[in-house]
Amino acid sequence: MIVVLKAGVEPEKQERLVDWLKESGVDVHVSVGEYQTVLGLVGDTAKIDMDLIESLDIVDSVKRVSETFKQANRKFHPEDTVVTIGDVKIGGGNFALIAGPCSVESEEQIVSIARDVKAAGANMLRGGAFKPRTSPYDFQGLKAEGLELLKIARRETGLPIVSEIMNVGDIGLFEDVDLLQVGARNMQNFDLLRELGHTDKPILLKRGLANTLKELLMSAEYIMASGNDRIILCERGIRTFGDYFRNTLDLSAVPMLHELSHLPVIVDPSHATGIARMVAPMALAATAAGSDGLIIEVHNDPAHALCDGAQSIRPEEYADLVGKIKAVREALV
Amino acid sequence: MIVVLKAGVEPEKQERLVDWLKESGVDVHVSVGEYQTVLGLVGDTAKIDMDLIESLDIVDSVKRVSETFKQANRKFHPEDTVVTIGDVKIGGGNFALIAGPCSVESEEQIVSIARDVKAAGANMLRGGAFKPRTSPYDFQGLKAEGLELLKIARRETGLPIVSEIMNVGDIGLFEDVDLLQVGARNMQNFDLLRELGHTDKPILLKRGLANTLKELLMSAEYIMASGNDRIILCERGIRTFGDYFRNTLDLSAVPMLHELSHLPVIVDPSHATGIARMVAPMALAATAAGSDGLIIEVHNDPAHALCDGAQSIRPEEYADLVGKIKAVREALV
Amino acid sequence: MIVVLKAGVEPEKQERLVDWLKESGVDVHVSVGEYQTVLGLVGDTAKIDMDLIESLDIVDSVKRVSETFKQANRKFHPEDTVVTIGDVKIGGGNFALIAGPCSVESEEQIVSIARDVKAAGANMLRGGAFKPRTSPYDFQGLKAEGLELLKIARRETGLPIVSEIMNVGDIGLFEDVDLLQVGARNMQNFDLLRELGHTDKPILLKRGLANTLKELLMSAEYIMASGNDRIILCERGIRTFGDYFRNTLDLSAVPMLHELSHLPVIVDPSHATGIARMVAPMALAATAAGSDGLIIEVHNDPAHALCDGAQSIRPEEYADLVGKIKAVREALV
Amino acid sequence: MIVVLKAGVEPEKQERLVDWLKESGVDVHVSVGEYQTVLGLVGDTAKIDMDLIESLDIVDSVKRVSETFKQANRKFHPEDTVVTIGDVKIGGGNFALIAGPCSVESEEQIVSIARDVKAAGANMLRGGAFKPRTSPYDFQGLKAEGLELLKIARRETGLPIVSEIMNVGDIGLFEDVDLLQVGARNMQNFDLLRELGHTDKPILLKRGLANTLKELLMSAEYIMASGNDRIILCERGIRTFGDYFRNTLDLSAVPMLHELSHLPVIVDPSHATGIARMVAPMALAATAAGSDGLIIEVHNDPAHALCDGAQSIRPEEYADLVGKIKAVREALV
C-alpha cells in the first residue's frame, strides 16, 4: 500500500501516523521527495482500513498495490477455471448455452420449453422458482413446487437446471439443483454468499446494477473464502441514465473480468436489454467479446404469442441465434 | 393504466391485445385518435405486467396511472406518520438526532461515546454489530456481543439503540434492539423485508446506492404489506460518476419522498460523503431541505485521534453541529 | 401527445388547461375514465412545451406519441442511408475501417501510419489537428498545419481523411477535409451543428458522455434541419460509475440507433476503453452488434514503442484485428 | 507524480520507461520495495501524459500529486475571491440573489418581472436571449433583441443582468451584459472558454451534466489562463439514474468546491429539479450547505398562471423564499 502525504505536513503528525501504522502490524518505508513524502506499507496490509487512512488530514491519497481479491485473482491462478456441471463444461474454451423461461409456470410449460431449447442447442435449462419482485403484490414464483417441476424437465431432457436462490434458509431446497443463481439484488447479500461457500454447489453470480467489477470479484471471494470455487460470473447490465433500455449491458466487463480473474464469465442479454428483438445482436456481441456463455430467456407459451416484442424470444428464434453464435465462435478461433 | 399503441397498428393485432387484456380481468376503453389509439385499462391493473405490455411490437408506451405503492402512499394517508421509539418521536415535526460509532468495539468505547453524544444533544444511539463488508477478510463486527454492549450503553444513558440487521436468521437476536436498520445493500433483500414486516419493530430503511425513490417506497411497501408500518426512510447517497466523494448525497429525495409518502425521512451525511469535514455542511443542508432527522457517525477513541479527516466526527464537533441544526430548524419554523 | 390528469382534478382547473392548450393551436380530445381523465392532443404538438405541461399541479404525466426527430427517423425514411466519401461507402451493408493516430505530429509520422493502416485494410485515415483537452496547459494540436499534413498523407495513400472540428470559425479550414468529426463534448454545441448543416460535408457525430440516444438523434436533426443529411453517428462510451475503464461502451446503442434511425452507426472502441488490449474484443463485439464501421487509434511511433498498453494499437495488431472483423462479418451474413 | 509498477516487471522494460520519462524532462526517483517498485517523478510533470503512462503494460497505477488546476486552486490563493458586478458582490460572505424568467419574451414581461424580483429581494436579473434547445424546431430565443430588452429592464430597476452566451461569434453582442453565463452544455467548449478569458467580463460557469468537479475547475482554469479571473461556479444538477427529477442536484459540490478553489459557488435549483414546488427546499438546502448565491427562475406571466407546478416560481413565492434564505443565513452566522 502506498500512502502519499500532503505537501508541507508537520513532522510530528507524520511521525504519529507512521507509529500508528507500525502498531497496526505493517512495516513502513518512508521516501522523502522534493514535493511530497510517500509511505510504502509492507506486510499484511489487508488489515489496514484504506478509507480511514485516505480521510486523514495529512494524507493526499492512498493506493493499494495488491488487490484485495486473492482466490478469484488470475495473478495467483493463471489458468482458466473450468466449472463442470454434469456433462457441461463452462470456461477455458467451453461455452454455456443456458435457456428457458423467466418463471416456471407449470409442468407442461417447463417440459415443453426444455425440449424446445434442447433441440435448439441449449446445454442447460433456466427457470425461476423464487422470484425477486420489486412489488410485494406481484407473483413471487412457484417456489419449492417450481424447483420440482424443473427436476421433471431435467429428467425428460437431461439438461442440468439453473434457478435463483434468494435466502440462506432455502439452501436445503436447492440440494438437487445443478447451478444456483445469485441474482443482481443479492450480489452483496454477504450472509448468503458465505453460506453458499459452504456448499459444494456451482454458483452463478450476477453483477449488481451499480456494482463495480472489483465488487463483483470481492463477492466471488466471499464464496471462495468459505471453500467453494465453482463460480461463474455473469454480466447482466448496469444502471445508467440511458433511455430505451432497462439497463446498459457493459460488455467491456467480459474481457476485463477475464484479465482480472480465472473464473468463467457469461452474459445475460435478456435482462440487460429487456427487449426481445435486442437479444440477438447483444448475444452475438457478447460472444465476440469473449463471453464463456449466454443465459437467455425463451418462452413458447401460446397464450403469450402476441408478445412478439417481450424480453423472451421464441424457440425458433433461439435456434437461429445459436447457429449464429456458433458461427461467430468459429470465425474467431 | 394507459396503453398507447403505435401508429398504423393492424386491427386484428389490436383486437388480440384487447381480448387478452380483458381475459386478464380488466376493462379496456379504446380511444381512437387521428394519429394513435389509446387503451385505457380500468380495474385491478396491479396484476398486469407493464413491462410485458410495453415490450409488445404494437405498443408505443405504457403508463401506470395509479402508483404501485399503496400503504406507503401519501394519497391514501395524508397525515405524516410519527414513529415513536421509547420517548423519541420521529416525523410530523419531530426530529431524530441519531449518533454513535461506525462499529461497537468495546463496552468502554460504546458507553463513553453514548454519554458524549447524549450530552451533545443526540436522542438515539447508533452502533454497528453486524457489519456488511465488501471483503470477506475485513472485520465483520462483534455480532451478538456488540448488541449486548449497545444494551449496556442504553442502560447507562437511556438512549434507544439502533443497529443493522443483515439476515432473517438474526431477527431473534434483535428482539431487544429499539430500531432495526436495513442497510443500503439489503434494500431489496425481499425475504428480509417481509420477515421484518412480521415483527413489531420500527425499521430504518436505507436507500440502495442505485435505487430510485419508487423502488425505496416499494421496499417500504414490502414491510408494510406484512403488517408493520413503523418505517423510517433514509437517504444515504447514490452512486454516480462523481469524484472526491464516496457517494453523491441526493437531498432532493427528502422533499420528494415527503410528497409521495407519509413516512418520516432522515439523512445519513457520514456514509454519503465519507469525509468528516463534509458532514456538517451536508447535515445542515439536509435539515434545511426538510429532513426529519440525521444519523451521524461520532467517535471519541483517542487511539484514532489522528484521524481528523475520517468519516466520523468528534463529540465536540457533533455538539457544535447540533446547535447549528437547531438554529436552522428554528429559522424555518 | 397524451396528457394524463391526476385523480380528482377540479373541473375548472381542467377546463383552463384545455382552453390554454387549444389557444396554443392543438385540438384536445378529453377521455373521462373511472380513475383518471386523459387528454389527447392532436395537431402541431411540436410547439407544446412538454416539460411545462408535465410540471403542472393537475397533471400526472405527459407522453409524446410522435418522436421529435423527424428527418433522422427511420419511420419516415425506411431505407438505410449510405454516406459516400470518395470511393468509400458507409451504411447499408458497407463497413468503414477508419484508423490513424490520436494526434497528427509530423509529416513523417502521419504518412507512415497512413501507409501502415492502408496496408492493414483501413479505408479512411483519422488524425487529430484541433484537440479538445481538459487542461489549457496540454498540447492543443498542430491545428491548421495538422490538416495540411493529413492532406499530404491522403495524397500519398489515397485514403480520405477525418479530423475533428471544434469551432464554427474553423469551418473554412476544413473545406478540403473529407469527413468532419464533431466530438463528444460538442455534441450539443448547437451553433456548430447548425453551421455544419449549411455545408455539404459529411459529418461524423459522436455521442456525448452523458447523452441519451434521443439527444444524439436530435443533434443529428440540427444538422439535417439545416440541409445536410450526410451524417454518421458514433458510439464512443458513456460516463458511469465504472472502474477500470475510462468510459463504458454502450453497444446496445448500435441496434437501437439502427431501429430508430436510417443513419449509419459506427463505434470507437479506443476512446471508450482507453486501453489498447481491450480495443480488439470491443471492436469485434461492435461488429457482431451490427456496427457499420469502426474508428480505431493506431500508432507506429518508435519513441512510443514502450507504450504497449496505451489506447493506441500497433499497425500489426490492427491488421490482425481487421482480419477478425472481416471473419465476424462473413460469419453473420 | 507517483508511478507504481506491477510486481515482477522485467528490469529492461523498467529502464526503458525511466529513460523515456527522463527524456520527457522530469527527474525520476526509483524506490524498490519488497512487493513493488515506485517511481517518483519530480519537475514539470504537467507535460507527462498520465493516461498514457497508466495504460502501459508494466504500470499498475499513476497518481498525480499536484493538481492540474493552478489559478483556480485555493492552495495558491487561500482567500475567497469576491466577484464584483456593479454594486453587487459575490463570494467571501456576499450572497447573490439572481432571479428572472427562463426566456426574455417581451419588454413588458421582462420589465415587470424585473420589478417584481427586485421588490422580492433579488440583486441581479437573469433572462435567456440565446437558448440552447435540444430540438432545432423549438424556440431559440429572441437573441440580440432579447439582450436589448434586458438592458431596458436594467435601466428601469438598476439590477445588473445575466444572460447565456453560446458562441464565440456572439461575444461582441454581450459587451454591455453584466454577467455572461456559460451553460452546462458548453462547459467544455474550450474555444468559447478561451475567448471569454480574453474579455474583462465576469463569467457564470455552469457545471456540465456529467462533469466532475475537477473538470469544472479545469474549465475555470481555461478562462483564467487567458487572463480573466472573475468567475462564479454554478452547480445545477448532474445526470443520474434518478426518477422524478430532471437532474440530481449535487449539493456536496458546494463545500468541496469551496475547499478546492477560492472562486464563489452558487446553485441553480430551478434547472436541477425542474419542478417549482421543489425549488424552495433545495434553495434552502443550498444556502445551508454554504452556497454564495442562488439563481432561480421566476415568472409572472398571467397567461401561464395555470402553471403552478412548472419550474418557475411566482414573485410572491420568491419573496417568501428570500425571507427564509436570509433567516437560514443568519442562523448560521
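Descriptive notes on the structure:
Letters A, B, C and D mark the chains as written, and numbering starts fresh at 1 in each.
Note that in this section a residue touches a chain if its C-beta (ideal position, glycine included) is under 8 Å from a C-beta of that chain, and two chains touch if they have at least 3 such contacts.
Because the structure is a prediction, the values reported are computed rather than measured.
Here the chain-to-chain distance from subunit A to subunit C, counted in touching steps, is 1. With centres computed as the average of Cα coordinates, no chain lies farther from subunit C than B.
Distance from the subunit B centre to the subunit C centre is 39 Å, each centre being the mean of its Cα atoms.
Between the Cα centres of subunit C and subunit D there is a gap of 26 Å.
Centres computed as Cα averages put subunit B at a distance of 31 Å from subunit D.
Each of the following residues of subunit D touches two or more other chains: 210, 239-241. Residue ranges of subunit B in contact with subunit D, taken from their complex: 210, 212-214, 238, 240-245, 248-252, 254-256, 259, 272-273, 277-278, 281-282, 284-290, 324, 327-328, 330-332. Note for the complex: subunit B touches subunit C at residues 2, 4, 7, 29, 31, 33-36, 38, 40, 42, 60-61, 63, 65-66, 75, 239-241. Residues of subunit D that touch subunit C in their complex: 13, 16-17, 20, 46, 51-52, 55-57, 59, 68, 132-137, 166-169, 185-186, 188-191, 194, 208-210, 215, 218, 221-222, 225-226, 239, 246, 274-276, 303-304, 306-311.
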